[in-house]
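What follows is subunit A paired twice: with subunit B in the first complex and subunit C in the second.
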Partner chain A sequence: MIMEKHDGFMKALKCRECGREYPLAATHVCEFDFGPLEVAYDYDRIKKSLTRAAIESRPQTMWRYRELLPIAGAPTVGCQVGFTPLVKADRLAKRLGIRELWVKNDAVNYPTLSFKDRVVSVALSRSKELGFKTVACASTGNLANSVAANAAAAGLKSFVFIPSDLEQGKVINSLVYGANVISIKGHYDEVNRLCAEIAGKFGWAFVNVNMRPYYAEGSKSMGFEILEQLGWRIPQHTVVPMASGSLLTKIHKSYQEFVKIGLVRDAKYHVHGAQPTGCNPISAAQKAGLDFFKPVKPNTIAKSLAIGTPADGFYALKVMKETGASAEDVTDDEVREGIRLLAECEGIFAETAGGVTVGVAKKLIASGRIPANDSVVLCVTGNGLKTLDAVAGHVGRTRDIKPSLREFEALINSEAELAAAI
Partner chain B sequence: MATARKKKKPATKNGVQATRLWLMYPPRLIKRPVVWELSHQFKVVTNVRQVSVTDEIGVVCLELDGERSEIKAAIKWLEKLGVKVEPVEFNVIES
Partner chain C sequence: MSVKVRIPTPLRKLTNNEELVEVSANTIGEVFTELQTLYPGIQERLLDEKGEVRRFVNVYVNEEDIRFLQNQQTPLKAGDEISIIPAIAGG
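On to the complex of A and B.
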């Protein structure tokens, strides 16, 4: 059928609440119950096309799994994104007291140093297929940077909406690409509702609104890569940072899809969620045994996870329940400690969300919720250079001397720690 | 199939538009007929699409039809009452 060919391996958009199906357009909510729409695929056809051999013969980017990503043709935006290193973290494993530990390092994702390049390249590739010329997002950081950069490279016009109190560094990281950055003054909720209204009113591809069903699927590529890089197997535990909760649900979906099409053997696994204590609606609900969350007012240094009413909170809780997983949260000090642990043990400088993930993993291991003999993958999703302010003043100090060898020798003799280093 | 050019917009007729919201109530408001009060105080048509109520929280998914100014006033009233009002997408702003 021509229609089928035109849609690639996608079948329809499907409501997560009632299962009603919709055409593969730029829409995101069910007309009946306003439930979110999700992309449904033709797994029988995918199974025939997406074999281990086929994947291994393709370039090392997230697009080597393209049958399971929601575009009809070849990718046109972000063709180099993904396939970030999966690092065997033996030194950190020892510190945390776990047998097998891996770090999936999206701090070095291309081009804007966070996992958001995955979702954005999918959203923009699909936007071009649907004929859009202008793309947009509302963001306080990583997403804005990624939309601005990827849109620039693809020759698309972009609008980026930000709250007016955003730090200058984050604004520059979007402005430099020539994006139209609109700063909105007002209470967070007001700004949020206005952005929803703008998304509904203008005929743009708003990546995390009308393009959300496609956009969110991009996160699956992080999970696919983990499974392939582990040698086609599922880790017993995966620890995932949660803001909206979308990434966690998509890591789970990616594992299920690889099982479904026969690329990995089915095995028991747990997808744990990590949040900062200053914004923990999902982990608080999980710990209380609830299947819904209560909204919170964020107050944390982990700004990239500061979403008080998470859109995928319900679904993230469901995944943790289904996989027998736990959620945990960590204080600002524990976030900084997590950042330092990862940097000192593995040479990886993660942003605050990475500190949250490491801190939560530490807690889960210490409490036995992740048993010491198991295998664990930590999802590190963004780069520390973006959140320098969060750790400034907490990462040790410089020793200052005059240009004199005597002073240097005196310094070394006065500090055991320095003496030990020579 | 709808594309960028033939995009479906939310129902709008001469300045009247449908707004889709989630209302999240604290326990003290769960027994109060908030949606009924709202439709009597403001010139808006309410259409409930999903409800879930527990001892801890009440969540209602609602479509409001009416003049933009009426809808804005209705939202202000809800917030003053202590109801959290989110667009149907919840967090449009992400990191």
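On to the complex of A and C.
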């Protein structure tokens, strides 16, 4: 890989609202209008370096698309992250009534079983380049797990801030790595507000605050992988869960970038957004035909999506409008049903956000917004083992017997369902 | 009515690096006007051409988003704490 100058393939940070440019530092907001800053790249140079042949010759991690990820040198944190399976989900396709269905399975992403390992490996690699020793985040859980684990492996100190009502699995999954876990009595939006204030006071690399322009770009790797794993083509439909809305905008950006540098042929595609009904500011706005959202107070079992003031909500709405896509939301019961459907059809146990994605896909297919003859990719972003509380008591039951053949036979004879399984 | 306003990092160049400033105001709208008097240029950073709070600016009174209150008409009482915070990404 040719590294001609210190900034790699990055040119500057650029305000998404007004276009003002800033140096490639740990900063995230335009001083003029508070618009989010985004990394601008030198696509002409990237096009020469990032060919299909070059990509295919590299290790199967997210870093095979290195030129389109915002670090200056080689990655130093999370070098094994990504290239998760894209599963052809024929049994689920049949159940949902769609011709071609794929599941991009980040429930098995390395090392902490969610898509957040993608953004964190970028954010921490960049943090090291910028000389930080302490990293931090505000998190609904998955990000906390990933920052804690990747910081431990990289020898960085970490602070993670979480809402106090988080699932136990996600709390333990942060503590075990030795992270400083600060639990805030409030919902995520309150954690976020506090972290914005803390970030202004402490000189840390806050992955989703001052490191956000780099951090957010890591999500693109999920889209790049989908395109490569589909045989270098764009799926007609992609269904993406929305919390802040960032992932949806970055999947769209990844498709556009691959078109721009000639890695895939341009084609019409739709990027649909999925939210839980108990926290649906973006989908409610989309369904009402608005280009702005109204903040909500979250109340949902899909805690990883419980962001009532979604920072990228405007851009997510814009992407859905531009790609002719829809948003939809599903109730807690539909979330659990979605989790079960995916598990029973494909053997994939997703966390609640995955249940949201499956539930919304089901609705979009049933209503014809995703036509039955099309192809669709579902983005599953986290692992069900982390949100056991949400499904406990809703996924069947064990039959308890003594270690006796007679008892087992009696049980089989007493239940038609078990008898049918023989 | 004397209230405290927390100034976010991106705006501190305008407030001579002051993090916390006191202004006298009865509503959030008046806070913006007062800030503008004290620190010329600050208002256009926070409000758009139509006078609406810019879409990436979140304003809180004692930790509550003003969009859950009465936006710029939100009444204030002495000692209230106002935070101005850029929208942040998810996690």
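Methods note: the second predicted complex is superposed on the first by the 402 of 422 C-alpha atoms of A that agree within 3 Å, B and C clash if a C-alpha of one lies under 4 Å from a C-alpha of the other, contacts with A are read in each partner's own complex, and residues count from 1 in each chain.
By definition in this document, contacts are C-beta pairs under 8 Å (C-beta built on N, C-alpha and C of every residue); 3 or more make two chains touch, one makes a residue touch a chain.
Values in this document were obtained by computation on a predicted structure and should not be read as measured data.
Novice: Given the alignment on subunit A, is it a clash or a fit between subunit B and subunit C?
Specialist: clash
Novice: On the A-aligned overlay, A:244 touches which partner chain: subunit B = first, subunit C = second, or both, or neither?
Specialist: Both partners, subunit B and subunit C.
Novice: For A:203 in the superposed arrangement: first (subunit B), second (subunit C), both or neither?
Specialist: Only subunit B is touched by A:203; subunit C is not.
Novice: Where does A:307 make contact in the superposed view: on subunit B (first), on subunit C (second), on both, or on neither?
Specialist: Both partners.
Novice: Who does A:137 touch here: subunit B (first), subunit C (second), both, or neither?
Specialist: Both subunit B and subunit C are touched by A:137.
Novice: With both complexes overlaid on chain A, does A:315 touch subunit B (first), subunit C (second), both or neither?
Specialist: A:315 contacts neither subunit B nor subunit C.
Novice: Quick check on the superposed pair: does A:224 touch subunit B, subunit C, both, or neither? Answer first, second, both or neither.
Specialist: A:224: touches no partner chain.
Novice: Pick one for A:216: touches subunit B only (first), subunit C only (second), both, or neither.
Specialist: Only subunit C is touched by A:216; subunit B is not.
Novice: Given the touch rule stated above, what does A:269 touch, subunit B (first), subunit C (second), both, or neither?
Specialist: Neither partner.
Novice: Both subunit B and subunit C contact which residues of subunit A?
Specialist: 17, 28-29, 32-35, 116, 137-140, 142-143, 188-189, 192-193, 195-197, 199-201, 208-209, 212, 243-244, 292, 294-295, 307, 309-311
Novice: For subunit C, which residues count as touching subunit A in their complex?
Specialist: That would be residues 6, 8-11, 13, 19, 45-46, 54-58, 60, 63, 65, 67-68, 83, 85-91 of subunit C.
Novice: Considering the complex alone, what residue numbers of subunit A touch subunit B?
Specialist: For subunit A paired with subunit B, touching residues are 17, 23-29, 32-35, 116, 127, 130-133, 137-143, 161, 163, 188-189, 191-193, 195-197, 199-201, 203, 205, 208-209, 212, 243-244, 290, 292, 294-295, 303-311, 353.
Novice: Quick check: in the complex, which residue numbers of subunit A touch subunit C?
Specialist: Against subunit C, the touching part of subunit A is residues 17, 28-36, 116, 137-140, 142-144, 188-190, 192-193, 195-197, 199-201, 207-209, 212, 215-216, 243-246, 292, 294-295, 297, 307, 309-312, 314.
Novice: Sort out for me which residues of subunit B touch subunit A in the complex.
Specialist: Subunit B residues touching subunit A: 1-5, 7-10, 19-20, 22, 24, 49-50, 52, 54, 56-57, 59, 61, 63, 75, 79, 84-95.
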